[in-house]
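Structures for review follow.
Each of the next two complexes has chain A plus one more chain, namely chain B in the first and chain C in the second.
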Partner chain A sequence: MTTNQIRVRVAEVETVAAQIRRLKLVPIGMSGLPDFSGGAHTILSIPDGERTLRNPYSLMSSPYDTSSYEVSVLKAAESRGGSAFIHDKIREGLPITISAPVNLFPVDRRARRHILIAGGIGITPFMSIMRQLEHDDVPFELHYGMRSQERGAYWRQLRETYGHRVHIYFEDQGQTIPLKTLLDGQPLGTHVYVCGPSTMIDWVLNGARDAGWPAENVHYERFSAPPPGTSFTVELARSGKTVPVGPHQSMLEALEAAGIDAPYLCRGGACGQCETRIVSCAGAIQHNDHYLSDAEKAAGDKIMICVSRVDGSTVTLDL
Partner chain B sequence: MAAAMLSRPVYPGLVPDMHAKHNLIVTEGEGAEAVLDLATKTSAEFFARTTILYCTAGSAAKDHETALAKLNPKHLWVLPSLPTVMFRLKGVLATADMGTRLYAAGTEPFIGSVIQEALAAGIDFKSVVTEHRGSAKRRVQCVHCKGMTENVTTNPVACSHCGINLFVRDHYSRRLGAFQGVIIDAEEPGSAPPPEEIYR
Partner chain C sequence: MVLAFKNETFRDDFTFSNSPAAIRRFPFPFVEDKYMYSVNIEPHELGPKGSVYEFPIDIDEHYVSEMRDRALVLDADPGRCQALPHMITAQWDMLELLMTSMARDYPEHFSLTRDGNQWHWINRPLGIDHKFTFGDVATLPYQPMEYIGRQCQGDFSIQDQRDGQLWMDAGIITTQADWSLDFDVGMNFFEWHAPVPLAHQAGVFDRALKFLLNMQHGRPVRRLNWTMTINSRLDTSPENYHKWGIDRTTVTPENVGDKVHLRVELQALWRLPRSNAILFSIRCYMIKMRELATVPKWGRRLPRVLRTLPDEIADYKGLTRYRQTTIDWLSKYDDGAPTSLGGGPD
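Our next item is the complex of A and B:
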């Protein structure tokens, strides 16, 4: 939804590692930005010619300083435009629009102890989470894996700030996170969090299950954008409108481009906010979300329009 | 603590979690029958890594401890009363780790007490596997004097502390392990309807 939008100015741009840029955003026309908790993200609206790309980025600055926000963006190898624009076109001083923060990756405040596992750019939500845990004086440890010294962001700074609580692993030096040792024998009330490549998230989820951990104590956030597909048409049952969706476009983006406001929060298939009822569908539904259960996906009467699409000609939505 | 006030809890039944490294089953009286039923859904290896705490004082206790012993659990502790079970449970949880899964079977107040210990040990209540067996009696907290009345089978019920007539609501506090009782005849004392035995 395009309400809750905030105008900010890019106050600093810094390359912090190979292909990773940090942006500092300060409010325009107000003294501070909305409060957030560790793990929250904001959605950056990125102008790209005719269209607007809206990508979620985790807030990595301190939740106790809302005079500015900071995000770090990895230039995606096959960027459709969003992260490439941030790397190639964003300059200090540029005004942009962001959404009020949303947190789909909060820490469990009842936890006695937190184990944080990050891979590559997946470090970003933990940057604000660690500030919060330090502030609340809750025990935590970070295990942060990256390809190499050059490609990893913030690891020196994290070591300095948090000392022995930070464990760094460089893949090119053959170092790996000792997952099994980490998970075995942890006292009750320990929670584990993972953010990184999808394969790493699955590795941790399976590892925790095999170590006998209950699902309630295992948390993750996926950054992955869905794969492209083929063109199709969305028909809106209530308004009677017809909207074309391109191969590199999500249904949500296509609706927005047509001036239709549909609800969203994460734009990553995680929160459930954009769940839409399917009236009829000529084609196969490609569910790319992490929200609906397997049974709901198989039933085929609901779709998350931020990430899922149709391989076929037309889908009619209850909108 | 608004989040602790929840309506009627559900107890989906004991299902084995085969991934857990250790199991801790806490049961009373007829709850033992739920454990015997669980045994038909799982293997001997499951019980080889299971500790059972059994309270004989539960409702309609038969000689269930013999049947439980035949499951060959790693440990079986037979204890005489709710306080002795909870004391032992606290001790076991103090050294348990994240690979441990907790199961509770018995009456609602019994499960409520187990969940209270679980919460105190840092376990999320959603990961406790529960099954309601035996009487439907409730533990009720009087919202006026805060006293707990045990073994409530009627509605309304007289508070065992301050004596006022309480209407037993379906409002449940996980933190207290009790239902909420609210005065029923405030307008006109003595006008309460006769107690009906509904939580048998």
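Our next item is the complex of A and C:
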């Protein structure tokens, strides 16, 4: 394993909104879980028959209470197994393993003021971030957009906890986040953060760029689930092994299923840990990550095996 | 383990020396008869009993005297300890890591009792018994990094992580091999490494940065670095170059054995949990040529390493003036026999 693994038990399962479940995880055989910083995520490894499902989820509980961790899981429209398992099969008491927390979405601690923009399930990293900002007594405001009251999670409790600092918007009531006004006229030292659907992230990034925000003051977390595709074969140049990749499997998952310990951290194309050199490729590379530059993607000699794949017959990797 | 702390100096009369046991455990950095830069990073896992790797934080016979020297440096130049305001959470992370490690691994010398945020720290070698509130700077006589940094061997810098970079935004640096915290503070990973020759072209720093950005809490890593120092001076800082630079001209064939020291830094890196910063510890070990030559393998290997060292690296490390004199002195210990792989004594 490339990440430290921790054994936990699912202590609570609660449906908090349509298609959204909250899990509370408590340690097995330890008095507490590792400390973490707001915005960190963990990877849940869930045994499902012969398979092990591994998905990243943001930690939404308080960084100042590590007696348990909490995550929220949205049932994906086309679940690859993980979110469907959590919604349909998971029961309180189930032992699972999680990875030690990793933070790819930390706040900038130099900031004088933080503007947090969340869409839907993208609220989760901000739940722990707001605890931290409150603890550190730093000004912040949250702008949280949801489809509807029924499909939105935690908005009532957030409003109660943080009062006027929380602004909520329901799409079905015609409410939208006033991005232009929000980005205009902020004091120096303000940082903006966005987590939500890809289109929302692009909307905020483009808006901030057009409003003249420095790139260092704009932060986002974009995790991709590995998109499906067609079957192909991975050949491993060093070990000589051949591994088939199914249409709904990522290369990383196929390698793990074959008992090969490949490196990873985020499993969402963001961190760069699973970057692998391509020896040769019979087919078109489909880069689905947010890590490689456009030039690196065009060069075609590296691939992030957690989310990217090949439309073709075979790819040979330097593994 | 109960340590017997030596009373010695790292300035003026330079009474520093290593006991035979300290010589045996010296982290000799050369694993073969030549040296070149590499990303020589390995997990900072617990090593053999008695070695410098036995515990995450190594305390040895020089502890009390080194802490006395650090206090002298900080009194004369408070700029050796600096932290930008946003690093306060990371300072507490560092204090926790060091106190818990020292108390767990050297219970005869240090103890830590925690009741929530009410902490009780006892440092017997330095005669400190202190109750404070974790997270409340007003309950400590210094900021957390300086407080614990004055009680732990090794220099420390803390790197903030943002925008895909590491920024040296805090540090307590008093035993440095000719670099300045005051100059580097606020710089990023590429900026503070800019003076290093050859390694940039080899892509060493690009690979190292990517590795460090993905470092995980609970999985520290380490590497060894080295240089040479004339006299057992811990504070070879640019700020004091006028005091020690001239020492390099004082090496003669007669005094090499006592004056010339191999200086090895055990550098470890830790992801800090609450701040997401990275702590970098630079633990300095010195050994005189006369002490080093008591280990036959090291006496054979070091002259071979120095002879084949690229000139750029010798210049960067400041060895040029006395390199040949040192090789000549060491050569009587090199009988030409082959040496075994790895740095430890045979």
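What we mean here is this: the second predicted complex is superposed on the first by the 314 of 319 C-alpha atoms of A that agree within 3 Å, B and C clash if a C-alpha of one lies under 4 Å from a C-alpha of the other, contacts with A are read in each partner's own complex, and residues count from 1 in each chain.
Basically, contacts are C-beta pairs under 8 Å (C-beta built on N, C-alpha and C of every residue); 3 or more make two chains touch, one makes a residue touch a chain.
Keep in mind that this is a model prediction, so the values were computed, not measured.
**Q** Here chain A is shared; do chain B and chain C fit on it together or clash?
**A** clash
**Q** Between chain B and chain C, whom does A:Pro47 touch in the aligned arrangement: first, second, both, or neither?
**A** After superposition on chain A, A:Pro47 lies in contact with neither partner.
**Q** By the touch definition at the top of the document, which applies to A:Glu216: first (chain B), second (chain C), both, or neither?
**A** A:Glu216: touches chain B and chain C.
**Q** Where does A:Arg112 make contact in the superposed view: on chain B (first), on chain C (second), on both, or on neither?
**A** first
**Q** Look at A:Pro244 in the shared chain and tell me whether it touches chain B only, chain C only, both, or neither; answer first, second, both or neither.
**A** Touch status of A:Pro244: no partner.
**Q** Considering only the touch criterion stated at the top, classify A:Pro139 as touching first (chain B), second (chain C), both, or neither.
**A** Once the two structures are laid over each other on A, A:Pro139 reaches no partner at all.
**Q** Using the touch definition from the top, say if A:Gly185 reaches chain B (first), chain C (second), both or neither.
**A** first
**Q** Touching A:Pro95 in the superposition: chain B (first), chain C (second), both, neither?
**A** After superposition on chain A, A:Pro95 lies in contact with neither partner.
**Q** With the two structures laid over each other on chain A, which partner does A:Gly300 touch: chain B (first), chain C (second), both, or neither?
**A** neither
**Q** Identify the residues of chain A that lie in both the chain B contact region and the chain C contact region.
**A** Comparing the two interfaces on chain A, one with chain B and one with chain C, the shared residues are 108, 110, 215-216.
**Q** Help me check something: in the complex, which residues belonging to chain C touch chain A?
**A** It is residues 84, 86-87, 89, 160-163, 210, 213-214, 216-219, 273-276 of chain C that touch chain A.
**Q** Enumerate the contact residues on chain A facing chain B in the complex.
**A** 108, 110-112, 183-190, 209-217
**Q** Any idea which chain B residues touch chain A in the complex?
**A** 17, 19-22, 93, 96-101, 121-124, 126-127
**Q** Using the touch definition from the top, list the residues of chain A that touch chain C in their complex.
**A** On the chain A side, the touching residues are 3-4, 34-37, 40, 63, 100-103, 106, 108-110, 136, 215-216, 265, 271-273.
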